[in-house]
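Note that the chains take the letters A, B, C, D and E in the order they are written out, and that residue 1 is the start of every chain.
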Amino acid sequence: MSLFTRILFVLLGLFITLNWGLIMSGIIRKIIARLSMRRGIKVVQPYINLIKNFSIRSQLTHGVMFYLGPVFRLSGGVGVFLFMPMIYGSIYWTNFSFTGDLILISYFLFFGMLGMALGAGEGGHPYSAIGIGRGLAQFTAIEVPMTLAIISIAIQYNSLSITEIVAAQQGGIMNWTMVTNPFATIAAMLAFLGMMGHSPFNVVMAPQENPIGPPTEYHGTFLGVLQTNRAILHVVEAVLFMNLFFGGATNWGILILKTFLIYFYTVFVGMVFPRFRVDQSIPWFFKIPLVFGILAIVLLII
Amino acid sequence: MSDKKDIHEDKFLAPENRKHVVIGPDGEEIHVDPLNDYFCTDMPKVEKPYKGVMEKFLNWARAESLWVLAFGTGCGSIELPPLFSPRFDAYRFGVAMRPTPRQSGVLIISGYLAVKTLKRAIRSYEQMQNPKYVIALGSCTINGGMYWDSYNTINRLDHYLPVDVYIAGCMPRPEAVLAGFMKLKERIKKGDAEGANEYVEKLDWYKANQKKIIKDWNMPDYNW
Amino acid sequence: MVNPIYIVAVLLGTAFLLGLFRKKGTGIIALVALAFPVFVSASWFFHFLSGNTEVLNFFTAGAKPPFSINLQLGIEEALFTMVINVLGFLGYTYLYRDFKEQGIKSTVLFLILIMGLNVLIMSRDIFNLFVFLEIVSIAIAGLIYLKRGADTAIAGFKYLIALGVISTFLLIGIAFFYLFSGTLNIDDFLNSNLPAVKGMSMAVFLILMAILLELKPFPANGWALDVYQAAHPGISAMISSGTATASIFLLYKLLPLSSIDWLPYISIIGAITFIGSNLLGIAQKDSNRLLGYSSVGQIGLMLIIIGMAPQLGEHFNLIFLTVFISHFLAKAGLFWISGIIKKDNIRQWSVLRKNKLLLFMFGFFLLTLLGFPPFPSFYGKWQLIMELAHGSQFIWLALILAGSFFEGMYLIRWFGFAMKEKDESEEKLTIHWEKMIPPVIFTVFVMGASYFANNSSDYGHTLNLIPIYFVIALFLLDFLPAFVKNSLVIASMIIYSILLYPDISDDTLRLVFAGIFMIGGVLTLFAGYSVKGKREGFFPFVVMMYAGLIGLIEAENLFQFFFAWEIMTLGSYFLILRGKKSIKHAFNYMLFSLGGAYLIFIGFALSYFGQDSLDLSIISATTLPGWTYTLLAIGFLTKTAAIGLHIWLPGAHAEAESDVSPMVSGILLKAGAFGLILLFLLMGAEQSEQHSLLYILGWLGAITAVGGNLLAVFQEDAKRLLAYSSVGNLGYILFALAFMTNVGWLTAITYSINHFLFKTLLFLAIGGVVMRVKTHNMYEMGGLIKKMPWSFIAVLIGIITLAGIPPLAGYGGKWLFYNAVLTKGWYFQGALIFFSGTIAFLYAFKLIYSVFLGQPKDKFRNVKEAPIWYLIPQFILMIGIMVFSARPDLILKPIGTMLSQSNYFPTDPLNWEDVTATTNLGYWSGYKIMIVIGVMFVVLLGWLMIMSRKAQKIKQFNIVYAGERPFTPGTTHFSHNMFSNYYKAIGFLSWPVATGFWNGVNLFTHNVADNIRRIYSGNGQTYIVHIMIYTIVIYLLMF
Amino acid sequence: MNELINHLKERFPIYDVVESTTGPTFVSLDAAKLIPMITSLKTNHGFKILVILSTVDWIEDGKFQLTYIINNPDEKTDLGIRIFIDRENASMESIHKLWVFAATFQREIKEMYGIDFPGSPGVDDQFLLEGWDEMPPMRRDFDTKKYSEDTFFPRPGRETNDPAEYMKQKLYPDE
Amino acid sequence: MKLFEIEYISLIAGFILLIVGLWGIISQRNIIKMIISFSILDTSVHLLLVAVGYIRNRTAPIIDSSVNKLNAANEITDPLPQALVLTAIVIGVGITALLLTYALKLFRQNSSLEINQYKSLKW
């Protein structure tokens, strides 16, 4: 496949991902509204918000890094997409996953976080820094069960290549990691809750006490960029977990279904549980998910 | 627009805004003029809308996505939370609350406005981005309402901020507020709601009015 | 050749005749008289040295014994008389002014003293020895009172009473010796082969005991210490160097008298003295008394060596002479310096800084005492330890090093005080030129002795001394402006690197580390251009440190390695000591380094046990693998600051000067890593598996990584944060090394390179910032991005690399880590490591945010960008990071090839397909990742630039603040105690356990020392009781 | 309570005792005696809490009335103490040493009535009125309507109705 | 009884004096008394020396009319110890003199001869 074709497909995939991300969040908020007896937003509301934000006429900037922050953030999201094989078995939708493996993705997630952190820091707003401090602190704890789960999977499949991991799960639900390695799945899915930043792990943004956290100063186009990234990243992260634990997807339909369910799970949990403080959430991650993560490895070693 | 000099001779100048000298790392003296050094002193410009279909489309998007700054000035602020309850459900109109003025497009002045609060309201309004809309809630914002003869409560909000929609009542019920939102949407879609540009165009007049009652101005002329 | 008897004649004659001269000329005459014996003994010494071996025997009164007294002059006697006469001459020069004030009486006593010492060495008649011992004692007792005062008087009194008792022992011994042997002549006795009788051994016991007591063994030496403390330092120098020398020689001479084997006991006495008095020295604050303790300790060491003579064999001469001459020259020199500055408390020695020469000599003598290379006793100690190990005398070896460690503890602390303690004295330091001459000459002598020691040492010739000469040259060139010296050093380092390259180009591992050391060295030196003025005392030590580092690379045998190690330690110590508040931290650093070095020393010695060569490869063939490897590993771990041994690092790195911090953190720490690599390489995986050492080291590395990073998170001091980060990163390296697999080692080397690149970069950038803002506290900075954009970019690149975020090089390390962890199967340690990696993200953000982002402070409105000389190396390092990120194969491929082709790690190598690295687990293409991310970033940036091209620039307080406005930048900058919630959650992991432990050890040692030294009650009678009990105990031990 | 009043009567020149079954008992006192009495009440009679410190402007008498209401939490009784001070250059001794938070009351009274409490912390700081440079607005000689009309751009056409009349008209227009 | 021979008597006396002297040095607080004890100690050693050198039934090693010059070696006692004693006495006197000097200095400076009072130098 020529480079041009690949780039074409990558852009197409990105477009699909972005749209699916926006629609998915709309659908999910609609579902939440219906659950609480409301009509709720329009399904296309995320699109409208995005257009509105890009149509804001005036812009402010605190400095170069304030400018670069969203770029970093979006690069992080798009980058993770680029390195992620989306559809198993298709040469068109593997993006640039030949450059690196699972480790690359799990570390590239930091790229966007770093950008956000720096941009928000440049904003000079203390709440931004507080939010970032909380987010990073929480993330260190999230990373532990996540790492254990990744190690467990890597032991299980003796590979770090996502494509190979997906390949090993083909052939029915009984081959999914979810079934063959339940503890790793539990640990990772608990970590996923933290990664997505929904309640109970949304103290980073916590509007009531810490006006929206890191993006306090972001507005207009910058905010639009951040929203775009959010839409992409949520799908891609769900795809990552889908690939690792739920058998991957062989076509876009399955991908859409699975990512929707995975994403819905986090929102569902968020609806049920109240918010943790950072000094509560970190010990929590060091208790339950950590135990599952260790179990996942111990069982494999035995 | 008053001269900068006046600001500094102001007897109400807050201590933290006075000019002062700090000693730098090499022992050199650094003169700090907080109002000029900490704040941007530029003045805003009129942001011209696009023409034709493009602007119509954008205005539609703006009208369908109204992000409200969660800022309660008076008793009306208690009428706002029910808007988002299942009974009234303002979300379905694209209305949402945002905690930061940077991301908000609508400022609701929810009730009487004391001079002290007006100052904060002006700041918040100026920190919002163009296009931005003001909804004035309750009689107090229209003509002072029951505080019409108070020494400390403004009577007419439109002398201080460009109001797009007034909602009468003391207090208006959430249904009225929703109606107000509808009205605002209409205005936006029609392209009438150019309060932000109007504010910039008539900035001198607005500022003069504001400064007439806010005697301890204590801030730059325009709060970016 | 002049008959040595004339020494006695001239000195005695002058002493008697002095009274005839007018007062004015006496000094000169005495000086001439003192010069004469120097000439005589020196001429004899060189006579013997030039090949004549015939021992000269001569007799007083022209008759043979027993009717006259015979004196003997062999090469030994010639040497010892020579050094004593030189000391006498210089000592007199030193005391010239004092003597002039006192009149001729003191001069007479001094002449008598020198004469007595000469005879003590030459005489072969026991009773004559007694007589001259008494003469020496009386002379000294008289001279003690040169400095008037009640203290001096009581010290003299105690001294006399104690010596009186001792001489009683001696006399009784002589009496019975005569009773049983019928002769008083040593030679006669030795030739007579008398049968051993119990009484005889008792007599000899008393004689030897008396001589031993003259040597002031611990703890029966209170009287001597009082004298050291109270007497004029010029006299103390004579006692410490002169009489001790004579007494030691006396012991050496009289030892053959005994029929029983005294040697072990002498060793024991020596060991007790060595350890005891050095331990007590720790608690001592009075400088002269401290010198006394040190003096006694050194004599203890000499006693050990004498006692060990049979085991040492042919090496005895070298060992003894180097130790002896070090003590002799250094102690006299130190006492002399003490006399010049006239300060009692060691804290007040900071006054030394008023005179550079004095300070230099002070440091010089201290290092001589401590046995650092290239000073003579280093060679002696090395040989001693090696021979002891060879003879499996491991306990002795440990004792000697323990004593040396205690000695190091107080000497280094003292040096720290002199260098850094606040100088509160107002008055000018008055220095008489004649008082300066003797120490200067002794300094030169030390250098000469070092040269000879190097030449006569077995391994000295293998050393590459060019860097050392360069150091000396730089000392001499210290008057030049800094930039000239800096250029000189840079040029020389480049030239040296080029010259060195062919030697090591075939060993990739060495090449990498040589690259880190030399390139890093040159880059960090660039920053030095920003310093104006002369920057005295900086460049010699820089060169010393780099000489040590490169010496490690070049080392082919253990000796060279240890030599380089010590040189490096020394150089870096001085560099660290230059920092403003570094006194405590430099001390800690040196203490840990010293301890670590001694462990390495023992490790080397143990591997030498049972083998004949000193080649580095003997480590792999060691017969005591468990001990050797453990000790060596701990030694190297001290340098890499593994958790528990890390407490010296943060302070040392943080308080060093701005351009020294990158040297010691980015570069110097790799020395420890290199040591570990060498060690692991040599010991091989199989050896170590048996001892589960690697497993422990792996865990230690993981815990170090977590601990170091976690501690870094809670720091407010930018440089301290980076220092703790270094601890953590060295933990990674240790962990990766412990894998002992191909990929594991690649990881370690990648990390070494990465850490060098980004830590040097970060320290340079932060150093530049600190230089401008004059504070280390991050929360005091903020918003500096607008003032220092280049530094910001450097720090940004640095922390991206540090945090291991793709596409920069740090990610390569992480990827390799995962592969290594999974291949090895150390999952939980691996998880810890990755946990610490995310923690690194916390402090990386804190660093860049608190310093460069957030609210700019009023104080720093006018700060400028860091000096260009700080920026240039940063750019080079950034380019380095970029290149290494994009093309890691350039470096990793050759190393991988080397690792897999050698027989170390042939299995599971990293495969390279073009620019993509693959293992059987995953793949990594740094080049492609770089391109993908780069293109994407540029595209997105361009898009956003177009979208928001009109953005209005606003200032720091234009932030939304709930309708309010911020008050001051200081209260709006969220930085101090940034991760308090994190501390609440897992802060307990960062409790200072290690610091507490070492503080406890420190306190315990001090308390022990402080309690033991209370046996010196100050009462003269107690000292007599000590002497008697000591004698009785020794007697009971022996019989 | 009676005992207390009697006790107080013996010791302090209180007058105008107004007892009430529903609210606190009020006593009046000379301004000069206030501090000793209130100190005694706090230390000896368990009136640990200052409930409020309020002011009435008796413009006709040329007096300000200060009312201190204090509470005894153990016996659940309140006591109001009234004092009268001159309207000209009104000044009263501060009680912030007895109750720290009294400074806040006093600051507010200073701002609204212009009664000075020398020594009270922050008594001159702005409280509700930022940048107020007129007569203290709660004084009865301050014409707030005129001030409002001068300052706040009254909207023309505003009518003021008596609510009772107006509602009657609206609801029962026939009557 | 061998024990009562002159050399043994002097030997034993020497040892007793030795003990006395040592004991005196240790136990006496007064500096002068210490010096006296030292003198006793000194003397005891001299006594020992002489006792060691004594050979029964011989005369003093002074070659005069009472001693046959040719047979002197068999008639006189060992001359060496006696020579030693002479030297030792001289040295002893020297040391005692110096001690006394120090005692004098101490007394002049501090008006005290109690050894306990001079404990400024310690540890």
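Heads up, the rule we're going with is that a contact is a pair of C-beta atoms (placed from the backbone, for glycine too) under 8 Å apart; a residue touches a chain by one contact, two chains touch by 3 or more.
None of these values were measured; they are calculated from a predicted model.
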{"item": "Intersection of the contact lists for chain B and chain E", "value": "C"}
{"item": "Farthest chain relative to chain E (centres taken as mean CA coordinates)", "value": "B"}
{"item": "Pair sharing more residue contacts (C-beta pairs) when C-E is set against A-B", "value": "C-E"}
{"item": "Distance from the mean Cα position of chain D to that of chain C, given in whole angstrom", "value": "78"}
{"item": "Chain D and chain E, separation of their C-alpha mean positions in angstrom", "value": "107"}
{"item": "Separation of chain A from chain E, taking each centre as the mean of its C-alpha atoms, in whole Å", "value": "100"}
{"item": "Averaged-CA centre spacing for the pair chain D and chain B, given as whole angstrom", "value": "36"}
{"item": "Two or more partner chains touched - positions in chain B", "value": "100, 102, 119, 224"}
{"item": "Chain A: positions in contact with at least two other chains", "value": "58-60, 211, 216-217, 220"}
{"item": "Each pair of chains that touches, named by its two labels", "value": "A-B, A-C, B-C, B-D, C-E"}
{"item": "Contact set on chain B toward chain C in their complex", "value": "16, 22-26, 28, 30, 32, 34, 37-40, 42, 71, 100-102, 119-121, 123-124, 127, 218-219, 223-224"}
{"item": "List of chain B residues in touch with chain A within their complex", "value": "44, 47, 49, 57-58, 61-62, 64-65, 67, 86, 89, 91-92, 94, 98-100, 102-103, 105, 129-131, 196, 224"}
{"item": "Touch list for chain C against partner chain E, complex", "value": "66, 127, 130-131, 134-135, 137-138, 141-142, 145, 149-151, 153-157, 160-161, 163-165, 167-168, 171-172, 174-176, 178-179, 184, 222, 226, 229-230, 283-284, 1013-1014, 1016-1021, 1024-1025, 1028"}
{"item": "Residues of chain C touching chain A in the complex", "value": "783, 785-786, 789, 792, 796, 799-800, 803-806, 811, 814-815, 818-819, 821-822, 825, 827-828, 830-831, 834-835, 837-839, 841-842, 845-846, 848-849, 853-855, 916, 920-925, 928-929, 932-933, 936-937, 940-941, 944-945, 947-948, 950-954, 956-962, 972-975, 978-979, 981-982, 984-986"}
{"item": "Partner chain B, residues of chain A touching it in the complex", "value": "33, 36-42, 45, 48-49, 51-52, 55-60, 207, 211-212, 215-220, 223"}
